[in-house]
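The next part holds the structures, each set out as structure tokens.
Shared chain: chain A. Partners: chain B in the first complex, chain C in the second.
Now for the complex of A and B:
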């Protein structure tokens, strides 16, 4: 009897101990030993429950690594940027998405959630630090952005503007709004432009990106004193999108819808479902607020985020090209709103 | 006597035909004609608004689905329609409610701890041509009464006199 009891206890113990040892041993000992490169498991929790764990991954340039992403609570999504073009799509709880990738160059990359998993979804990011094997102790520095540097050199504070404007429940010095009564439309742009004297400088994309549509409107008005102001505004709208193909790219629209629409609204009216929760009222991409706005300031706001407004920074996710495409889409939303 | 009866029957049959045609062509409300129903359905943790809606079988249903906080989904049981909705981007779901019954729609994206309980109900009422059927029944009863009237009146009158020739 005592012998049978001993066998029973041994059986129970072997299950209780053997099972965890086998599974954990496989995950943490056998699999890493079998794998030719590092396998890193990243568990995704909702941001209020910790976000990605771990939040920082350090690699050496040239190292191949397998990143396995798990979702622990709700549906998450993973993409890695900027400029890597890695999008693993949605991850349901219990599911694992993995990618094996070789990071060739030293630098900073971000893995970020692509699904609105909570109201703090946009805080859910992790950093991949790819260090130079020659100096493994020095961290790669974030690259400086020439556009933002130029704005700083020009003395433009991208957070403040001369006049007030409404925010949640009151005036705020960081928002300028004009009441021109103009509703320029890009579809009328080409017709409006024919027959107008257009200053050469307006053809320069560089100039347009560093100036506001209102300034362009004034320049046009000087040359065409007798032209109707609404027509001139249409001409400016046409000019402002003249370097883009007629319709915004599907990828840009998808990016706007996934990242911006929750606050700024699908049509850019500043009326997304989360608009009431932000520290400051989300900007509306409408003529009154956009005519006194510069493209490079919009670019800087997207790249660096808005201080104290709850506007996240996307510079760690998007390349400059992707950001400019978004800026152009904001102008497109502004200049196609006229009913 | 016999000829008179036949004439009367023919006249009744004629009336029947006219009335039946009238009922058939009568534009009765609701279930008679198929509609296109537009519905705004909002998803938030952890409920749908409205949680229940009713359509008639055969109606075309256009749901404008929106999400107010996080990503949600919409899965309609039995119809097998699934859609994912990102906050800020309205999704349009268009389908014909061709099956009658009570169907649950549920969130199909794990949106939080109470996600399994995020359920709504679509009621598709059977599109029986009820009013028309009722009209036909009344018509048939009326005809029966008219046909049997002489019998009945004779049977009910106090000085009962057997009616000759009729049966």
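Now for the complex of A and C:
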């Protein structure tokens, strides 16, 4: 009986002490030690509960790391950008998704939620600082964006426009809306262009990005005085998307749906499920509001965000190429709308 | 009333040897202690997502369903034999786990207050847990703290008081297990009461070299209900007359031991029935706002929820039942309200049926989470048995409604037949007994319909 008692005491102690020590020790000591590279656990809470924990991760360029994302409360999604093409997809509460990746170059990257997890979803971001091993104490600086710099040099404040526009509570100077009565459609663009005299400058993508469709419309009207304005507007729609013929890329549509549609609506009507929760009514990508809009301004708004509107900045998530693709998609939504 | 009983130990001698073994209880406790410890550790350190945390899934889905659907209805208080919560305190008291330590249990030998020798503390404790159940049942860390608190309280009480004071008078779970154990077809009893009466040394109470005196402070010689016998099997070991046995008997036989009917137990029946109704509304109902109120998302709303729960459970249900019982008394020719407590025992089968139906509702729907958490108990991305990524799959949803209807109907019929029997006590005319019982049966019917409405929409 004494021997049995000794065994019983040993078993009880092994349960009360050994079990916690073994499980926690395996997770926090043995498992990381067995891994060939660093393993970082990132817990994803809804933004009101703290968002990503931790919010900052520092790595050394060339370091391979396993990032393990745990969804703690609601369904989240995780992607890392800009330019890495990492999208872990949806993570159900309690699920874990991980990626092992080597960050080759110094730079700043952002891991962000891609699922509308709360009204503050867009705040749910974390930063990966990849430092140069030669100077590990100096943080990589964000690069300046030449498009935004050019707008500033031109004297264009991307938040300020001369006319009012749709807001939740009244007119806002950052919006312009022109009632043209025109509903240009890209599908009619090619037919509309047939027989028209098109100024050479309209063939320039660079020019089109720095000007509005209305300006293009006026140029076309000067050269084609007898043409119907509706036909000219269709021609402008065709010209505006002439550098991206066919349907938008699936990745761009998915990116719009994941990041923009909650406010701007899946069809760009400004009627997303979160539209009523923003400080300013989200823009609708419709002819009245888009014909007086420049592509480079749209680009700048996406990259930098909209001051005081709740429009987040996406410059830390998307590359310039991804941003231009999104701008083109906004025009596609505008010029494929059938009222 | 005498009911047919089947002495299991006369037929299964091996069972007697197992029950007399000093290894039995510690071995079972050790198994449950592993699960209990893991539930606390995973609750404290694992994922906050309840559906992926062992602590939530194995305590509030697996254990709960096992307890209320299988163990209590079929085996009575058998869970108390293996419950790990009082184990550390009891082992420290005895300074032994397996062996019979000849010394007296080491405590400060305080006396438990006489006024607390009832179920009221357990009633309050259960209500306390019920008020916070929206949080306790869904948030692993909170659940773990509550689970940890139980053995700590039990340990504290075991330092002050001899025997299982925690289990007998404090444990919120033990209270309703005791109440519903009266339904079980299994009982621990003496074979012959007169043997106990004539036995001078009363080893089952005082203990002897083979075992401890009853830790539950029960004298087996008087045992006529399962309510307070923790089935620790010490009396099997200590009885020198081989006078203790396990019987099979009809379901609910204890409910008719009318001399033992008490107000604290009656209120336990009201609390359990009311809580089953409210839990069904909160956790299975379509009202998201009610769930968020219960989940303590805002204090004012939770206060409203708490006030509503207490009002319904402590005042509305007992009040309405009292009216019905008074009507039944009048119809039976008794003083109005004189059988209020007795009639309350008819809610035991109904309440147990309601809890079984409620538990089936979530175990069928959410039971599959157990397969994934067994492989990844902390939600850390482990995959111990290859089942971590098994998808959430409701089990036989087409069968659930039939089972719930069947269980609730069975509970109602049992309750109604009890009511007629209580109403007809002293009556010869069965028809008059039925008429007298109708008000109480109407109450039971309304409650059953309320459950059916909640489960079937």
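Keep in mind that, in the parts below, the second predicted complex is superposed on the first by the 324 of 339 C-alpha atoms of A that agree within 3 Å, B and C clash if a C-alpha of one lies under 4 Å from a C-alpha of the other, contacts with A are read in each partner's own complex, and residues count from 1 in each chain.
We adopt the following convention: a contact is a pair of C-beta atoms (placed from the backbone, for glycine too) under 8 Å apart; a residue touches a chain by one contact, two chains touch by 3 or more.
Owing to the predicted nature of the structure, the values given are computational and were not obtained by experimental measurement.
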>> Once chain A of both complexes is superposed, is A:23 in touch with chain B (first), chain C (second), both, or neither?
In response: second
> Is A:201 contacted by the first partner chain B, the second partner chain C, both or neither?
Replying inline: neither
> So, does A:117 touch the first partner chain B, the second partner chain C, both, or neither?
Replying inline: first
>> After the superposition on A, what does A:4 contact: first (chain B), second (chain C), both or neither?
In response: second
>> Going by the contact rule set out at the top, does A:15 touch chain B (first), chain C (second), both, or neither?
In response: second
>> Between chain B and chain C, whom does A:93 touch in the aligned arrangement: first, second, both, or neither?
In response: both
> Touching chain B and also chain C: which chain A residues?
Replying inline: 71, 73, 93
> Where on chain C does chain A make contact in their complex?
Replying inline: 22-23, 26, 30, 33-34, 37-38, 41, 45, 47-53, 88, 91, 96-99, 377-381
>> Help me check something: in the complex, which residues belonging to chain B touch chain A?
In response: 66-71, 86-90, 109-113, 115
> Can you list the residues on chain A that touch chain B in the complex?
Replying inline: 46, 71, 73-75, 90, 92-93, 115-119, 121, 257-258, 260-266, 272-274
> For the complex, which residues does chain A have touching chain C?
Replying inline: 1-2, 4-5, 8-9, 11-12, 15-16, 19-20, 23-24, 27, 41, 43, 45, 68, 70-73, 93-96, 98
